[in-house]
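Structure in structure tokens, see below.
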Amino acid sequence: MFGVLRGMGITFKNFVASYFLPRKPNSLETGGMVTLQYPEERLPEKERFRNFPFLIYDTKPDDLRCVACDICAKECPPKCIYIVRDNDEQGRPLKKPKVFDIDFTVCMNCGICEEACPFDAIFMDHEFEVGGPERQQSLVYHMDQLLKPATHFAKIRPTDHVAIEEKRRKEAEKKRAAAQAQPKPPEAKPPQA
Amino acid sequence: MLPILAKLFIYGVLFLSLVAALGVVLLPNIFHAALCLVGTLLGIAALYLALQAEFIAVVQVLLYVGAVMTLVIFAIMLTHRIGDMTIPQTNKQSLPACLALFAFVVLIGGLLLKTDWSILVGTGGSVASVNPPVDTFMLGKALLGEYVFPFEVVSVILIAGLIGAIVVARKD
Amino acid sequence: MIDEPVLHDTDTLEVNLGPQHPSTHGVFRMNVKLEGETIVSLKPIMGYLHRNHEQIAENMSYLGSMPYTDRLDYFNSMSNNFGYALAVEKLANIEVPERAQYIRVIMAELTRLVNHVSVIGFLLNDLGAFFTPILYAFREREKILDIFEEIAGSRMMCNYLRFGGLKLDLPPSVLDRIKKIVQGFPKFLDEFEGLLTKNEILCMRCQNVGILPYDLAVSASITGPMARASGVNYDIRKIDGYSIYNRLKFRVPLGKVGDVYDRYMIRILEMRQSVWILEQVLKEIPEGPIINPKMAAFAKAPRNFKPPKGEAYGRVEAPKGELGFYLVSDGTPQPWRYHVRAPSFINLTVLEDLCIGHKVADAIIILGSIDIVLGEVDH
Amino acid sequence: MIFLDQIFVNSKKAILNLASAFLPTDAILIVSALISIGAIAAFGPFTMMYLTWFERKLVGRIQNRIGPNRVGIFGLLQPIADGIKMLTKEDIVPAGADKVVHFLAPVVVVIPALLVFSVVPFGRNMVAIDLNIGLLFFLAVSAMTTIAIFMGSWASRNKFSLLGGMRTVAQLVSYEVPMVLAAVPAILASGSLSTVDIVEAQGGWNGLKWFVFTPWGFVGFLMFYLCGVAECNRTPFDIPEAESEIVAGFHTEYSGMKFALWYMAEFMSVFTISALTATLYLGGYQGPWLPSWAWFMIKTYALVFVMMWFRGTLPRLRVDQMMGLAWKFLLPLTLINILVTGLWYFTSGLGLRLGLSIGILLVSSWVLVLFNRPYMPEKRVYEFAE
């Protein structure tokens, strides 16, 4: 009898509290309602939040960082990345992809492509409202949909952006210095901590 | 106008109860037959109501529809694969059955005709204006006053029956 | 008291509970034979969520399986990561820096809170408390999941641990928030317990229902809270003392009867112990690197990581029981054999023994108290 | 005051007066009946619609949620949106189902739920028919629900439905008995089966002489209310439709408007059971200051609130435990309560009356608790291994 009454007291307390305490979604305090009115209200995005990958370009979409090295496609655990390297008129391979498709129905948002990419060309996006009218076609993203400017990256992940820009600047300087001294192919970058 | 409506009501209910009663004996599916029985009992309750015997009507619903029929249907449902069963309810003995029915109708009809119903019909001729000769209060008084001994005896017998049923049903 | 079922010679009714059923916690099916409402036989049928986990892992780089372990028991991805990382570290003999060890333990214990609180919520929901306990539980769970999202980037599929350490360091100020959660948790537990622990209806429903005797628990190799509810003193954190658990102070609650109520209570008591562990760890957490530099070199090229030939079995006390990963390496980038000892799966094997003689309603709560996640059962 | 109190009654009279100008006397009787029927037929479904809203809102608040809030202000148009949704849904009848009975069951279940409204006294002079056996009528008619649920569960041709149907019958039949017995003290005290007379008997003390303020009345109130909760299949007695066990019980195979009818019957019986409890023990429309119908609504909705509050808090009982509660605890206690009521009226002196009745009730419930020892919770202590 008393156990029942105690439980009813607790639910009643919560009931009353929902009218008198302010609504506190995403708060560490208890008490009051926790509902977030989703499409109108949104939680602040966490910087490390990862969803689907996107390809980054610096100034214009032709100038993308990806060199079609295929490392991400190989490391991708569910193998959802499909890359075809671009060729010039003579049939020599170019350092950019012709086809870069990601099947978002297969992608499991693990972020290993981002970790593995040696050229800082692929990153995990914050965009999560991807939906399509049918089961698969609209969720296979092609290169034109995947390409996003570096400013987008700077917006969603400012801390990482600063670090990566710094790293790229240093590398570019080193490369320039090396090119001045003696031209040689780029070497593998130091691992990112 | 009202007496006509009342009559219409009574005959309508009578008709429906008869249809339901025919359903009870003719429908091949036992569950349907049981549901028709519910309909018949409800029709009879409605007739009681029309005769202003509210107490009897309500008791009819409470006991027959609420309790007895529920148990009947429950028992039917517990039988083996009841859902598949569609047994024809007629057999080759329809002639003797008709004869028996005829005899019964004659008997009851004779009784009906011979009985003097004038007290119940009343003077006005309209059913709605009849004063019920017994109301709940008188019924209660009679049961717990004049007839208290038979009443108690009946309840003791019922309890004995209940206990007996439990004893018979228990196997261990 | 449950009387012995009296069998009359009526027909049994065969009912399929699941695979689509509100309370089978996923696509699990129980083929139940009923005598009235009493269960006379129960056949668990699983495999609806079979995803070929082990075979996939054997065709993948070691790191590539890490995100797949998230999806084993999708409530506790951090613990699964932990178990897998331990196995690989044992295989390749990798040291883990101190700070990473502490963070791992924080994550594992937070996961335990998340898991136990939701399991109890679901159990009460199965009992018929219309979503109130589970929503209170989810309210707390959200706070912890937010922390996970902030640290690892994803709420449930964390993929946070790396061999030899962690993927990223904790972001600034997150430790304070964890501390705040840990401080507030006992208060929530009191409320949660007040809601139903002493409730007569709950006691009637749970006590002496689905008793798992000590001997059966041991012989069926039941682990986790379920075994401890039957009085089996078996906690990998105590036995192996892996990571820094041998340095931490905590106690292992043990039940006596081994019924649904004991399993419920053991989980609540374990949560209180976890809070204690977290308090200690949060006080002592040192600064330092978060990944072994030797392993950090493989971050850009997971395929180059080739553990030496050999085999290793790494196990952790996951919230559901002993979660073990058995790995055999032949020196290539892919494991030659990869096997998961899934606690939900093994704990589920005694379901029939627990359910026979009880009512359908009891089977549901017994299943709820076993605490299965179909992702792990059908890995 | 009296104007407000009798506002509905007087407006009906006004309509009838208006109609009598150009209608024969007989027709006036029919019009009068039609007005009452119309009022009930409008009130019943309307109540049901807003009870669904009320329940969702309330349970939501209990669970730290907002509840419906998108359709209209405070989500007040939610029931209408739900209704439109229900109407436009596909009506699925299982292939093996008995189509006629499957169709009839939800229709039949609404009839008793609406019929019982006719004897509920909504306010002073506000009862559709003042039957001298009103209470019995209520119980008899609501007993018909069992048949309807049975029809639905059998016709669905689904094992979950069948289990739900069996549970329903077992539950409704066994709770009917203590429910009737729990109503007896009120009948004894007022000396009538008519709902209006029962309310009138509680009119003393400026409208506050409710039966619930006596020991037997309090016990009777609790027992009747508990049985009522069981009769409308609400938590903690919602085993006929136990969602987590047998999917949705007897209405597993219903969709669209047929499902809505089941729901309507359930919510209308929630209302009528609360109304009857208020009538029997909480003085019905009696009360100071406010108009009578306002008092009635306040009491009824307070009881409805408690039912929904139960729903937001309690787990459900198991079948055998629920039967045990009905037969081994509620039934003997209600019988003893009848005895106590009799004693109350045969003794004089407040102290003696109070002492005797409270004493008997306490001792007997304690004895019953002792008898039901196996069902009582045990206290457990847990050991810790280092």
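We call the chains A, B, C and D, going by the order they appear; numbering starts again at 1 in every chain.
Note that contacts are C-beta pairs under 8 Å (C-beta built on N, C-alpha and C of every residue); 3 or more make two chains touch, one makes a residue touch a chain.
Since this is a predicted model, take the numbers as computed values, not measurements.
The minimum number of touch steps linking chain A to chain B comes to 2.
Chain centres computed from CA atoms place B at the largest separation from chain C. The interface with the greater count of contacting C-beta pairs, when A-D is set against B-D, is B-D. Once the centre of each chain is set as its mean CA position, chain B and chain C turn out to be 62 Å apart. Per-chain Cα centroids separate chain A from chain D by 56 Å. With centres taken as mean Cα positions, chain C sits 29 Å from chain A. Counting partner chains per residue, chain B shows two or more touched chains at residues 78.
In chain D, the residues touching two or more other chains are 62-65, 162, 166, 312-314, 377.
Across the assembly, chain A contributes residues 3-4, 7, 10-11, 14, 34 that each touch 2 or more other chains. Listing the residues of chain D that touch chain B in their complex gives 24, 26-27, 29-30, 96, 98, 101, 131-133, 136-137, 139-141, 143-144, 146-147, 150-151, 154, 157, 162, 165-166, 169, 172-173, 176, 193. Every residue of chain A that touches chain C in the complex is listed here, in rising order: 1-4, 6-7, 9-11, 14, 26, 28-30, 34, 46-50, 71, 74-75, 77, 108-112, 115-116, 118, 124, 188-189, 191-193.
Of all residues in chain B, those touching chain D in their complex are 1-2, 5, 29, 31-32, 35, 38, 54-55, 58-59, 61-62, 65-67, 69-71, 73-74, 77-78, 82-83, 135-136. Across the interface of their complex, chain D is touched by residues 1, 13-16, 21-23, 34, 37, 124-132, 135-136, 139, 195-196, 198-205, 207, 233, 235, 238, 251-257, 261-262, 265-266, 269, 359-362, 364 of chain C. Interface of chain D with chain C (complex): residues 59, 62-65, 159-160, 162-163, 166-167, 235-236, 238-239, 242-247, 311-321, 374-378, 380, 382-386.
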